[in-house]
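One structure coming up, written as C-alpha cells, with questions to follow.
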Amino acid sequence: MQDLLSFLISLLFRPCIFIPLIFPGLTVIFIMLLMIIWLERKIAAKVQLRYGPLYVFKPLGGVIQTVADLLKDLFQEPIIPKTVDKIAFLLTPIMLFGLAYLPTVVIPVSPTFYAFRSDLSLLLLLTLTTLAPIFTVLMGWASNNKFSLIGGLREGYLVISYEIPMFLSALSMAVLYGSLDLVDIAEAQKGIWGLFLNPVAGISMLVLIYMSTGKFPFEIPEAESEIVAGAYTEYSGIMYGLVMGASYVKLYVLSLVYAILFLGGWNPLPASMMDNPLLPGAMLFAKAFILIAIGVFLRAVYPRFRIDQAMNIGWKMALPFSILAIFISLGIVTITGGM
Amino acid sequence: MWVANLDKAAKKAAAWLINKTPIRNIRDWGIAFSLWPVHFTTSCCGAEFAAAVAPKFDAERFGFLPFIGIRQCNVLFIEGTLSKKMGEAAKWVYEQMPEPKFVVAMGACGIDGGIFWNSYNIVRPKDILPVSVFVPGCPPRPEGIAQAIIMLQRKIRKGELVKYEF
Amino acid sequence: MNFEELKSRIEEGLRELSAEISGKEPNVININVSRDKIVEVAKKLKALGFDHVKAVTAIDYPNERFEVVYIASSYSNLDLAFFLINLRTDLPYNDPTTPSLIEVWPSAFYQEHEEHDLMGIVFEGHPRMGERLLLPESYEGLPPLRKEFKIKTEGINA
Amino acid sequence: MSVDKTIRHVKALATGIKYLVSSKRMTLMYPDEIEEFPDGYRGMIKYNWDTCIKCGLCAMVCPADAMKMYISKEESEEGKKPVRRPGINYARCVFCGFCVAICPTNSLKFTKVHDVVYNTLEEQVYPPEKFREGVPKPQYKKKPKKMRAILDEERGLRYEPVE
Amino acid sequence: MSLEERELEVLIGPQHPASGHMRMIAKIDGDIVVELRPNIGYVHRSVEKLAEAKKFLQIIPLVERPSLADTTANNLAYVMALEKLLGLEAPPRAQYLRTLLAEINRIHSHLYGLGIHGVMIGSSTAYMWCFGDREPFIELAQELTGARLSYSYIIPGGVRRELPSRFTEKVEKALRYMENRMKDYFNLYLNNPVTRARLEGVGVLSKEDAIRLGVAGPNLRASGVPYDVRKVEPYAAYPDIDFDIITEKVGDAFARVMVRVKEIQESIRIIRQVLKKMPEGPILHEKYIKAISPKMREYMKETGEVKFPGIFANLRIPAGEAISRVEGGRGEVIFHIISDGKMSPYRMRMVTPSFRNVILFEHLNRGVRVADIPAIYGSLDYFPPEADR
C-alpha cells in the first residue's frame, strides 16, 4: 500500500505528468482562474472607489467569489437554442478551453524539468495558441445569432492583424538567441533579460498579448456595449464558464511565454536552486502573474478601441515595430557574434 | 423507447443528486452569492439601480454583478414601469434566461403602477412574471435594492426559490 | 428687437396670406391660418428667421374642431430666440388632416409623428403616417389623447 | 505614436495606479452601517391617530391615489354616516410628501425609514388600523451602526458614526 | 452579391447593455451602418393623458418622473407655466433656491450622462467615478429637499423648504471636491488617447444641421449655437447671475462631452454666486402664506418646512394658455398648458429635450461603424423615459 502510494506520488512528479496536470497545467490554471477573476474585480473596484466582491467571505475580502460564480454556473440550466448547430455549439467551448490549455505542455519549468523539449518548441507553442481563435469564429457561426456572428467575424479580423506581428516579435527573440528551444532561450538570459536587449520586441509583444486575449483596450470581439457578449452571447451555465475561462487561460499561457522570452524565465536564480523545479517554477509563475495582473488592471484605465483602430495598430504600428525588432536582433547578433 | 427511458432516469438521478442535502446547501450558497441581474432597464428606476452598483452603495459586495447577456444571468430586475411594449420584451427576456431565475419588482410603478397606475399603456409585472420581492419607493433608494438582494439571498438559502424539477 | 416691431414685421410678411395675428406679451405671437395656407406661412416665417419648431401641440375640442399649434423659434438669430411664434390652424373634427411642415421645418418630424400616433391627426406628406411611434404596434382603438378616450379614476375613498 | 499621446497614456496609467494604491473609497457598508438621513427626509409616513381630524386633504392631494380614506371600523356605527380615516398603499406611494405638507394638524409625519422590502403585494396596503401601528421595520441581521454622511474635500463623502 | 443581400439587420435593444430603454434597428453592411431607425415608445407612460385626469398640484410629481435624473428642470418649467397662468411670481429668495437646486441638479445630471457615456465606450471607471461623484450632490439635494432624485421641491408661488443650516459650507466642500476631481477625470478618461480616438470626429453634427433639426441642449451648443434659455429668456435668479454659455465648434461626440464637462465647471461658478447673493425673505408667495392657519405658520417658521394651504388640494387655475421653457441638464424643456379654469389642465403638452434629440439617431448614425453607435448614443445624453414621456 505504502509502496503504491509513494509510486503514485513519484509518478505525479514526473515532468510529463506534473506539467500538464499540476504546473503550469490544470491545477494551477484552475487556482489562477479563481484568483484572477476575483483580482480583476477587486482591482477595478479599488480604482473605482469601492470594495468589489466582499460578503461572500468577508475576512479575506471575498476571495472565494469566483467559487460562488462557478457553482452558480454549474447549477444553471445549459440552454441549447433550437436554431444552433448543435455539435459545433457544444464542441467549441471544449475545444476553445482545450486549445488554450494545450500549449502549457510545451512550457519548461526549469532547465531540467520539462515535459517536452524540441528544437522547435517555440514554434509549436505559437502555432497552438493561434488555433483557438478559429473556434471563436466557429462559435460565432454556430450560435446563429447576429451578435455572435459579428463577434466571431471581429475575432477573425483581429486574429490576422495581431498574429503576424506577434509571431515576428517572438521570433526576433529566437533570432537573437539563435534557438527556437524555450529552454535554451531562457538559459541564454542568465545575464541580461531579453526585454532590455530588444525592448521594441518586448513592448510590441506585450501589447499584442493583451490584444490577442481581449484585454482592454482591445476587448473588441466581446465588446459588451456594442455586440452584447460577441461570440459568447448564446452560451449559458458551465459552457459560458468554459469560454470565459479560456481567454484567461490564454492570457496565462502567453504570459508564461512572455516571461520566458523576455523576462528571463526562471532567472535570476543561482544554479544550485535549479535542481528542484519548485523555485524556478514559482519564479516563472510570479513573473507571469504580474503580467496577468497588469492585463486585468488595464480594464480600470482604458475604454475600448474600435475594430478598425485596433487593426490599424496591428498593421501600421505593431507590424513595422516587430519587423524592426527582427532587425535589432540581427544587428545585435552581428555585433556580438551570437549570444 | 429504451433511450427515452434512460434519458428520463438519468434526469431523475441528476435531480435527486442536486437536491441532496450537502450538494443542495452548497448549490444554494453559490447561487445566493452570485446573483447576476440582466442588463434590462425597463424604466426610470434604472437611474437608482445604476446608483446601487456605483461606489457609494456598491452592490457588487454581495456578489451582485450586472452582466451583459441574458443567457448568463439569473435575476431580472423590473426597474420601474413596464409599458405594454416593454412588457412583451420583459416576458421574452424572462423566457430566455436559464433556470434558476428570480424576478424583483422595483419601484411603485413596478408593483402597482405607482403614479402611473391608471395609464393606458402599462402592465403590472406581477401579472406576467413570477415576482418574488417587491421594493417600494419612487424610486427606491439604493439601500432598498440592497435589502432586496439580501432578502433574495435569504430566500434562496432557505430553499424557497430554487427548485430543480425534471 | 422688441415685441411690437416683430409683430408688425410679421404682419407685413404675411399680408397676402389672410393670417390672423395676435400677440400676447411679452413674447408669444399667435398666427391663425387656414390649413391650405399653412405651408406658405411657414415658409415665410422661416424666411424671417424662425428656423425650427420647438413643439407641436394638437388640441382636441370634441365634436367641434382640432387645433394644431406649431411653436416655432429661432436658433440662428439670437434676437429672435426670445420670441415664440404659435402657428395655429383649425381642423374640422371629422377630417383632421393637414399638410405636413417637415419640408419647411424638419425639426417637426417626430413631433408630428407623435401627434399622429396619439391624437390621430393626419399630416399629409409625412413619410411615416400610419406607423406607430410611441404606442405598441398592436394598439388598436381610439387615439388616446382624444377627449373621448377615458382613463380610470378613483375617488378619495377606498 | 506621437510623444504627446505617449505622455497621455502614461498619465492615464499613473492616475489608475494612484487610485489603486490610495484608499479613497466612498462605499457605505450598507447592512452593517446605515445612513442617518438629514432632518426632513421624506421616508415612510407615521400617522397620529389622535390628532387626525379626518379632513381628507391628504387623500385629495395624493398624486398617486396611494392615500385613501378607509372606513374606520371601530368608530363607525351602523346606520350613521361612516367615519373615514386615511390609510396608505406603499405599492403606489411616490414619497412626494404632499400629504404631510398639507396635513393641517401635523398628524402625518415623515420617518427616516426607506429600506423596507415586501414579499407580497397585499402586505403593502396599510389601512388606518395598521397605519397607526407605525412604520414597518426593515430587517437587519444584526443591529446596524448609524452613520452620518459628511461631505469632504478630499474624498467626496465619508461617514461618521452618530452617537 | 447585391447590396440588399450584404446588409444585415441588427436589432439593438431593448435588452442590450447599451440600448437603454429603446430599440435601434440598424442595417449594417460589414462594419458600416447603412441606416439606423430608433424604435421608441418602450417607456411611453402617457404623462400628457394622465395630466388631464390629475389635479394641477398632483402633476408636479408626474412630470418629474419621465426624466428622473434631471427632475428640477421639469418641475420648474411646469410650475413656471402655472405661475404665468396664475399671474403671480415667487418671492426672490424662492427664486434663488430654485436656481440653487437647478444647478445642483444640472451637475449630477451631467455626471449621469458622462458616466453612461463612459460605460458605453467601455470605460467602467468613468461610469463608476461619475456615479460616485454624483453622490455628494445628491446628498446636498437630499438635505435641501428631502429626497434623492424626485424632489418635487418647487411649488406654485415658491419652494417647499428653507435652506438648511450650514448648507453653504457643505456646498463649498462638495464644489471643491468636484474641482479637484476634474483633474483626474481629464488624466484618466477625457485625455486618454483611447477615449479621444473613439470620440473625436465621430458623429459630427454641423451647425446648420443642428439648427435645421431643432436639436436641444448641450448637443446644440456643441455644434456652435450659443443658445441657452437661461440667457435668452432668463427665469428664476438667472438675470442677476454672471455666467457664460459654453459652446464648442466641432460638433462631434467629444465636443458634446466637453460641453457637459465645462458646464459642470460653469454650474460650480453659478452655485457660488447664488449662495453669496441669496436674499432674505419668505420662500412662499404671501397670498398662500395667508391661507395657512396661524398654528401651522408658527410651525413653518420653526422648521423651515412649508405647509400647503388647503386650497392646494383643489387648486384652480384661471383659463388661458401658457408656454414656459427652462434649460435643464439635457436641454430645453417646454410646457404648453391650456387651462379651461377647472382643476385639471385641458391639455398639457410636454416637450422634453430627449424627444427633440431622437431625430439625431437617424441623422448621425449614417455611414458610421457599428462600434460608433454606442459612442454616439452616449454622447447625446439621451434618456428614453424622458423622450417617451
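Chains here go by letter, A, B, C, D and E, matching the order in which they are written, and residues are numbered from 1 within each.
Keep in mind that, in the parts below, a residue touches a chain if its C-beta (ideal position, glycine included) is under 8 Å from a C-beta of that chain, and two chains touch if they have at least 3 such contacts.
The structure displayed is predicted, hence computed values, not measured ones.
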Steps needed, at fewest, to go from chain A to chain C via touching chains: 2
Farthest-lying chain, centroid of Cα atoms versus that of chain B: C
Chain separated most widely from chain E, comparing mean CA positions: A
Of C-D and A-B, whichever chain pair has more C-beta contact pairs: A-B
Whole-Å gap separating chain D and chain E, where each centre is the average of the chain's CA atoms: 24
Computed distance of Cα centres, chain D from chain A, in Å: 49
Interchain centroid distance [CA atoms averaged], chain B/chain E, Å: 31
Per-residue overlap in chain E, given as positions that touch at least 2 other chains: 16-17, 41, 44, 46, 49-50, 53, 61-62, 65, 125, 128-129, 132, 135, 150, 188-189, 192, 388
Per-residue multi-chain contacts in chain A, two or more chains: 47-51, 224, 228, 300-302
In chain C, residues with contacts to at least two other chains: 135-136, 144, 149, 151, 153-154
Touching pairs - complete list by chain label: A-B, A-D, A-E, B-C, B-D, B-E, C-D, C-E, D-E
Chain D partner contacts - residues on chain A that touch it in the complex: 43, 46-51, 297, 300-302, 317
Chain C-facing residues of chain E, complex: 40-41, 44, 46, 48-50, 53, 210-215, 220, 225-227, 232-233, 323, 325, 332, 334, 336, 338, 346-347, 349, 351, 355-356, 358-359, 388
In the complex, chain C residues that touch chain D: 154, 156-158
Footprint of chain C on chain B - complex, ascending: 83-85, 88, 118-121
Chain E residues within the chain B interface of the complex: 14-17, 20-21, 41-46, 49-50, 53, 61-62, 65-69, 112, 115-116, 127-129, 131-132, 134-135, 138, 148-150, 385, 388
